[in-house]
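Presented below are the structures under discussion, each in the form of structure tokens.
In the two assemblies presented below, chain A is common to both, partnered first by chain B and then by chain C.
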Partner chain A sequence: MPENNTSEKDRDNVIVDVKNLNFYYGSYHLLKNINLYFKKNSVCTLLGPSGCGKSTFLRTLNRMNDYTEGSKLTGEVLINGKNIYDRSVDVVELRRDIGMVFQNPNPFPKSIFDNVAFGLKIHGIKDKDFIVERVEKCLKYSALYDQVKDKLNKPALSLSGGQQQRLCIARAIATNPSILLMDEPTAYLDPISTSVILDLINSFKKYYTVIVASHNIQQAGRISDYSGFFLDGELIEFSEAGSFFTRPKDKRTEDFITSRY
Partner chain B sequence: MEKTTDIRDDDEHMAAFPINRGYLKRKKIYNGIAALFAVIAFIIGSFPVFHIIYEAIAVGHQYLNWNFVSTLPTGFPIGAKGGMLNAIIGDVYLIVISSTLAIPLGIGTGLYLSLFGKKRTNGILRLLNELMLGIPSVVWGIVGFYIFSTNAGPGFHLGFSALAGGLTLGFIMTPIITLLTEQAVNHIPASYVEGALAMGATKWQATEAVIVKAAMGGIFIGILLGVMNIIGQTAPLLFTNYYNTGLPTGITGSGGAVGDMAMLIFIYIHEPSKILHYKAEAASVVLLLFILIIDLGLRLISYLTKRFIL
Partner chain C sequence: MFTLKYKDDLFRFILSVFVLSVISIFLIAVAIILYYSYPAIMKYGISFLWVKEWNPPKEIFGALTFIAGTLAVTFIALIFAIPLSFGIGIFLQEYCPHFLRGIFTVIIEILAGIPSVIFGVWGVLVVVPWLRTTVEPFFDKHFSYIPFLRVSENIGYGILAASIVVMFMILPIIASITKDSLASVPKIAKDGALAMGATQLDVIKDVSLPYALNGIYGGIVLGFGRAVGETIAVVLLIGNQAIIPKSLFSVGYTISSLLANTFTFAVINPIYASAEVELALILLLISLIVNIIGRNILDRVIGGKFNRSQFGGG
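Here is the complex of A and B:
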């Protein structure tokens, strides 16, 4: 058993608690007995080379893997103490509380405004003034408002890659989730856009628990409160960022951190 | 530029490869030949269309006037005098009836196939759809006759009527729309759907708000192809509607049959009268214009829905 997580004593403020999680694509046992927890209002980065299972793990937290035919999951994911894989859990409600940002910016082929308003509308909010106000606020939070305020009705796909990703962030926070999952959100962006988004993530922990998958150690170093290292579907190490980056316990973590990826 | 950042400057890293000038020259020639073939193919392919239009106008031009499209056929044999209003109105009936069946059914099946169904049932449904596409239209006519028209046995007993004919044409239209809808949806990046689902959209919300809009162009092409296809059909109508030289008084039973442009041409061409032959040619010009108007009309609707509704 890898030594996961910080010590057992500071378990207060745990929001996501993953217990003995195993995940299979058909007969391929990808995620192997993952145990870790995430704390409220922190930024956690999950590092690892590509193919190690970061995306799959993130997607177990909002049940996006439900749609993958032939996949199987055992173990528990407790969010605020409730197992999200319980029969009684409504995935629609679950996902309202968990925003997700993908590796490829994927705004809908709609206007900028409608992209951000989408989350509100699908959850039944009809009050126009509220929607307008909320859209504006989310665009401000995601540092996009000044650039788009005069063209809210223009197609989202006319924005640059970095702007599209920030729009996706605005869209994800519109429903005021408590958890934000980000799957290599800067992987396809230029250095300046990347920097803007890393700053955003830092500012977000005031409101959200942010869980970021990344294979970039420097970027992760800039934003992490906690970090974990995945290798071949195993969680090798998970600890506070300070010790994770400077005094990794596992040799494999150290190799990953010190090698130049 | 720093030397090591550009592999072309780094002799150690990779050897330069010799440039094949001959090949570079030839590939331009190949490109030219391909372009020439495209032009020739276009000319050969479009020749019949232009020829038909030329021929039809040359022979039928004397009847190409407002009177021809705005009056009912009269005289003896019927059609020797008057126009073809019965057929134009009849086609409108048939298009409306067949579309009412085929558009929801075709889009629904297409969406189901691409988004909702299970692998196994989808395979069977897809196969059935392809079979339907391959069924000759005369067979549809017979099927339509037994289901809708005949007054004997089980069935809807609709007689030779616009409803029977339109629904039969709807059967022909449906698999075309299904196919094009499924294709259109399959070409939408999966990330749109994921994006919507991850926000807590239900599958239907994701479909309606994101997919249908993104696939709209393809779905419209499906509707367009479907409508174009049925406008040209005669065989299915032979057994379900046949032809009415006047205007219908209803859409079922006696008096429910309608005229139809393709049927008009088919019937007139089989008459011995020269006048009717000329009128058949004139009617085919009208049919082409009708198709053109429908095409432009649907495109306009498509544009307007995209622009203002979705």
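Here is the complex of A and C:
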């Protein structure tokens, strides 16, 4: 059992609660009995080397693994107290409250405006003024507005990689989700774009619970309230960022933080 | 000793020979068609295109009947085939259970490779009787006031019979290319939409289809090419009478079926042969024009918005 450093009494404001989560793909046991919880309006980073299961774990939180043929999941993921793997849960409905940003910027083959408006439109919002206002606001939040305000009708794919990633962030927050999942959002970006996005993440915790998968210790240190360390599908350690980065309990965490992997 | 650079150059040279030979075969074919159709072009001029009469003994030749028949069969077949094959392609790629997808895909690919005469025979044995005994009486009874649907001779053969069978021939082509194009849509693009709470239909409509449109269009062009030039099945089904079809159920004649039926004796009379070769030239031009117009429309619809390399090749 991995040790959970956050005190068990301190369970107010828990928004995501993961209990005994196991995930299998064919004969591979990709996630091994994961137990942890995330608190409202915090930034949590999940660290670990490539292939440790942190992306898979992230994708269990909005059931994106449902499409992986031959996969199996046991355990519970409670979001606001409700198990999202319960039969009564509508996956489409669930994802509307959970934004996701991917490793590769993946704007839709549409205009910049339509990308951000996409979520609103598929959620059935027809009020044009509201959509325009919301799109503008989200582009401002994601520090992109000044660069694109004169070309909102231009194709999103004409933007640079860093801009595309910020567009994807704007798109993810447009529907005002309560949780934002980010899967190595800066992996392919240059240092300046990376820095902009890290600042964004820091500012986001006012509004959202942000869960970030990353393999970059420095970046994680800059933004985390809580941090966890995954290794070979196991959650080795999960605790407040302060103690996680300075006094890790597990030797393996320490090795990772001091870059011995 | 070959230097490495020299090897590369040699390989490039060999490849260019291959490509050039394809281009030259095409140009030679066009040149021969032009050469043999020249006497007819000179004699009948541009009016060849809109003269309706086709009377070899009197040496009066006009192409309109055959152009009309060809376009009618081709477009009716496409109108039937496009929505159906979209449906098949989308189902196979996005909705079909995994274990069935392979089987269906193989069946469709086999269907695409069946010799057309088999389709023709099937048409004569199945489609024509069905039209004669069921469809035509129905339309005759209920829709005879619509000129386009009037049944003049209740024989089963005609434009509709040919179009239905041609539809089945182009269906697998368009369907399998639709499926392949959808399969090549980057997963990450679809994931982006799914993660936003898009339904599968939203994803297909807003992400997959726009991405796949270019490829799907290629499939339609291929289907068009097969439909416009389809010969044997059409010869068996269209009725082979040189009249301009005025209704879905009327008989007709296409350029390719006329050539198949009559070219062997047309060669005896040079001007007759020349007129038929000019028909072949028109057939070629129709495919070229449709292809160019289609490309242009497509460029306007999706122009500049697509750049798959932005996804890092994913």
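Operating definition for what follows: the second predicted complex is superposed on the first by the 258 of 261 C-alpha atoms of A that agree within 3 Å, B and C clash if a C-alpha of one lies under 4 Å from a C-alpha of the other, contacts with A are read in each partner's own complex, and residues count from 1 in each chain.
The criterion applied here is as follows: a residue touches a chain if its C-beta (ideal position, glycine included) is under 8 Å from a C-beta of that chain, and two chains touch if they have at least 3 such contacts.
No experiment lies behind these values; they were computed from the predicted model shown.
Colleague: Sharing chain A, do chain B and chain C clash or fit in the superposition?
Modeller: After superposition on chain A, which the two structures share, chain B runs into chain C.
Colleague: What is the contact status of A:Gly228 with respect to chain B (first) and chain C (second): first, second, both, or neither?
Modeller: A:Gly228: touches no partner chain.
Colleague: If we overlay the two complexes on their shared chain A, which of chain B and chain C does A:Pro155 touch? Say first, second, both or neither.
Modeller: The answer is second: A:Pro155 touches chain C but not chain B.
Colleague: Could you look at A:Ile122 and tell me whether it touches chain B, chain C, both or neither (first, second, both, neither)?
Modeller: In the superposed model, A:Ile122 contacts both chain B and chain C.
Colleague: Looking at the overlay, what does A:Ala172 touch: chain B (first), chain C (second), both, or neither?
Modeller: A:Ala172 contacts both chain B and chain C.
Colleague: For chain A, give the residues common to its interface with chain B and its interface with chain C.
Modeller: 62, 64, 67, 69, 92-96, 99-100, 102, 104, 106-110, 118-119, 122-123, 168, 171-172, 175
Colleague: Quick one: which bits of chain A touch chain C in the complex? Just the residue numbers, please.
Modeller: Against chain C, chain A makes touches at 62, 64, 67, 69, 92-96, 98-100, 102, 104, 106-110, 118-119, 122-123, 155, 157-158, 164, 168, 171-172, 175, 181, 188.
Colleague: Can you name the residues of chain B that touch chain A in the complex?
Modeller: For this pair, the touching residues of chain B are 119, 189, 191-192, 194-202, 205, 209-210, 213-214.
Colleague: In the complex, go through chain A and note every residue touching chain B.
Modeller: 62, 64, 67, 69, 91-96, 99-100, 102, 104, 106-110, 118-119, 121-123, 168, 171-172, 175
Colleague: Across the complex, what residues on chain C touch chain A?
Modeller: The contact residues of chain C facing chain A are 98, 186, 188-189, 191-199, 202, 206-207, 210-211, 302, 304-307, 310-312, 314.
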